[in-house]
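Presented sequentially are two complexes of chain A, the first with chain B as partner and the second with chain C.
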Partner chain A sequence: MAESQYSFSLTTFSPSGKLVQIEYALNAVAAGATSLGISATDGVVIATEKKLPSALVDETTVQKIMTITPSIGVVYSGMGPDFRVLVRRARKTAQTYYQTYKEHIPVAQLVRETAAVMQEFTQTGGVRPFGVSLMMAGYDDNGPQLYQIDPSGSYFAWKASAIGKNMTNAKAFLEKRYSDEVGIEDAVHTALLTLKEGFEGQLSGSNIEVGVVGPNRSFKVLTEAEVNDYLQEVE
Partner chain B sequence: MSIFSYNGAAIVAMAGKECVAIGSDLRFGVQMQTITCDTPKVFKIHDKLYLGLSGLLTDAQTLHQKLMFRHNLYKLREERDMKPSTFGHLLSNALYERRFGPYFAAPVVAGLEPDGTPFLCGMDTIGAIETAKDFMITGTSPESLYGMCESMWRPDMGPEELFETVAQCLMSGFDRDALAGWGAVIHVITKDKVISRTLKTRMD
Partner chain C sequence: MDFFVGIKGKDFVMVCSDTSASHSIINIKQDEDKIVPIDDHKVFCIAGEAGDRVNFSEYIIANVKLYALRNDTELNTKSVANYTRGELATALRSSPYHCNLMLAGYDKETGPALYWLDYLATLNKVNTGGTGYGSYFTLSLFDKMWHPELTVDEAVAMIDAGIAEVKKRLVVAPPHYMIKVIDKDGVRVLKTV
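After this line comes the complex of A and B, so read on.
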């Protein structure tokens, strides 16, 4: 196919106007474990499957949802190491903002800066795009917000969305289930049900990760016990 | 001759009940020579935030321009005005960035926070920030200005009273200062409006 002739150099457009490396990066994301986020009236929840390569892996050391600031958390689908690099950059951006303004960075600003980093890697020589899509969730003066950032650097605010392996089914499920009046507790339940749809096997606190930020503006990754409690409510 | 008394200035800012006032003299001089008497040293950043800068006038002007630049970009990105407390920290940071080649200016920030609370702060030339609930001054005759403000300030003054107090403190304060005076301008900032008044004083 003619496209593949242009797929070696990142910074070259293909005849159809695409940057093929970005398409391939999106493929890497679509092959990753499912992650989703739901924005409620009084908070945001993000969740992901924690698929480990073997039962021998110590799952307590694997962290897929990370805190960037006390009010903002992020989850990904795609390549873990790329995610860690972006988290590092985002944390530094947030801290620089705090040092200058003594104010916590608003969610939209952090999303913009992180997206700018991802875009940089689609236009610089000698680098490749990040193989992750991010779901950033936070609570600031503009209320609860949920953003998705793609390898190309484009970002969208969502009421609810999913990325990764099972995203089409998950998004269809969310479309049916979502309402503008949903509260944070219901949102967590819906998130768990959505994950359950595409999950092979039994959901438990040790093979999924859930992060929540409420009106207290404090982003927390739920403990295994807390996740199990929510799962019981959903059964 | 100190670099801080090359041009000369007197700036007073005071907090009242849900209002702040900030004023400065109008003299622009080069050492002993007075060039003009229409140069205020208080600059508007936005409707609820004013910045007074004493010291070397060229540095005061440049700092003002640089901060307007930063604030304009902030407004475009964040789609809101900067809070006075945030602005104070930004200014402090900007000054310290030049720790070993500083701007020879001493700022005073006066404004109203989004919830209507008055905000006052002052800094030295390298950004050591100090917030106050009553008044903040800077200039070439700090002792006179402090003395006046200390005696005349009272809590919870209304906009009219605040204006009178700032006017008296400023004028009596720069009376004995050869490098400041030649008229004054005072801005009183309240929730709905800013009233700016220019004062005719002894032209010496």
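After this line comes the complex of A and C, so read on.
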């Protein structure tokens, strides 16, 4: 169809007004492992499936949830190497801000700057869009916040959301279970239950990753043992 | 020579500057307001090279305003102080700004703050400060009179004493001064001497 004739160049619009490369980038995201985030009254939790290509992979060296600043963490669905590049840039942005103002960058501003980078790669010659959607979670003076950033560079603040393979079912599940009064502990339980919905096999601390930030403003990736504890509470 | 002093009180900051604008031996005007507002709750007192003072203060003020517009939130005093220091530091080894300055501000969350910066990009948070010849005569006086629960009236008394000392001992003492105070209600002129 006529669409595919315009799918070669990122910077060319198709007749229906789409940038087809961005659509394809979103396909790459939808093929990636499920990730989700839930914003609670006193914190945010993000979690992802850690689907490894083989049992021989040393899973202790694989880290999908990354800390950008002590108060902000991020997880992705899509292409891992693209994620690493964005994490590098975001960390630098955050440190530059700190060096200028000697204060930590607010979450919304970091999201905006990172989204601007992703947008750049949809309007520059010779590059392709990033094949990841990001879930950024942080706690600053405006409280706990959760943002999704897409390959197009558009970003949304969410109370709860999911990206990746099972996102429609996961979002439906979250919609039913989410309430404005939920606290962090409940949010972690809900996150685990949501991951369980679409998971093939048995959830354990070694095949999922969970990151939490609370009123102490310290983003932490939970250890395998901590995740297993939460899983026991949920069973 | 410009005279600036600043005093941090219990819930306010007070700054005083002389109000003469001069070029070499001529007084151009005697009622110049040299305490420049950055926003509703912060001011700069900048002394030094004539062109650099205005150029530098306008540059910082514009960037502070840009931040506020972009991010729908104002910078606090500490951030502005560190940002200003950073700009002085960056320019230092190419084309330095020859200014000594003080930044006085009031933040809702953390209260009053007074910062002292010099042309070498030094930054210090202080309770009392001053630039120029005036500071040489007033700082030890302020050390004696300052305490953490300082009220507005006590601070005015300190500044009056400082001005009297300067007029007594400095050969080229400026004749007129302006005192401003910054608190939760913003910046206002307290009195002119």
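Please note the rule applied: the second predicted complex is superposed on the first by the 235 of 235 C-alpha atoms of A that agree within 3 Å, B and C clash if a C-alpha of one lies under 4 Å from a C-alpha of the other, contacts with A are read in each partner's own complex, and residues count from 1 in each chain.
Everything that follows uses one rule, which is that a contact is a pair of C-beta atoms (placed from the backbone, for glycine too) under 8 Å apart; a residue touches a chain by one contact, two chains touch by 3 or more.
A quick note: this is a predicted structure, and the numbers were derived from the prediction, not measured.
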{"item": "Simultaneous placement of chain C and chain B on chain A, clash or fit", "value": "clash"}
{"item": "Partner chain(s) touched by A:103 [first = chain B, second = chain C, both, neither]", "value": "both"}
{"item": "Partner chain(s) touched by A:84 [first = chain B, second = chain C, both, neither]", "value": "neither"}
{"item": "Which superposed partner A:50 touches (first chain B, second chain C, both, neither)", "value": "neither"}
{"item": "On chain A, the residue positions that both chain B and chain C contact, one per complex", "value": "99-103, 106, 109"}
{"item": "Chain B - residues contacting chain A, complex", "value": "77-78, 83, 85-86, 89-90, 93"}
{"item": "In the complex with chain B, residue positions of chain A that touch it", "value": "99-103, 106, 109, 112"}
{"item": "Touch list for chain A against partner chain C, complex", "value": "99-103, 106, 108-109"}
{"item": "Chain A-facing residues of chain C, complex", "value": "71, 73, 75-76, 78-79, 82-83, 86"}
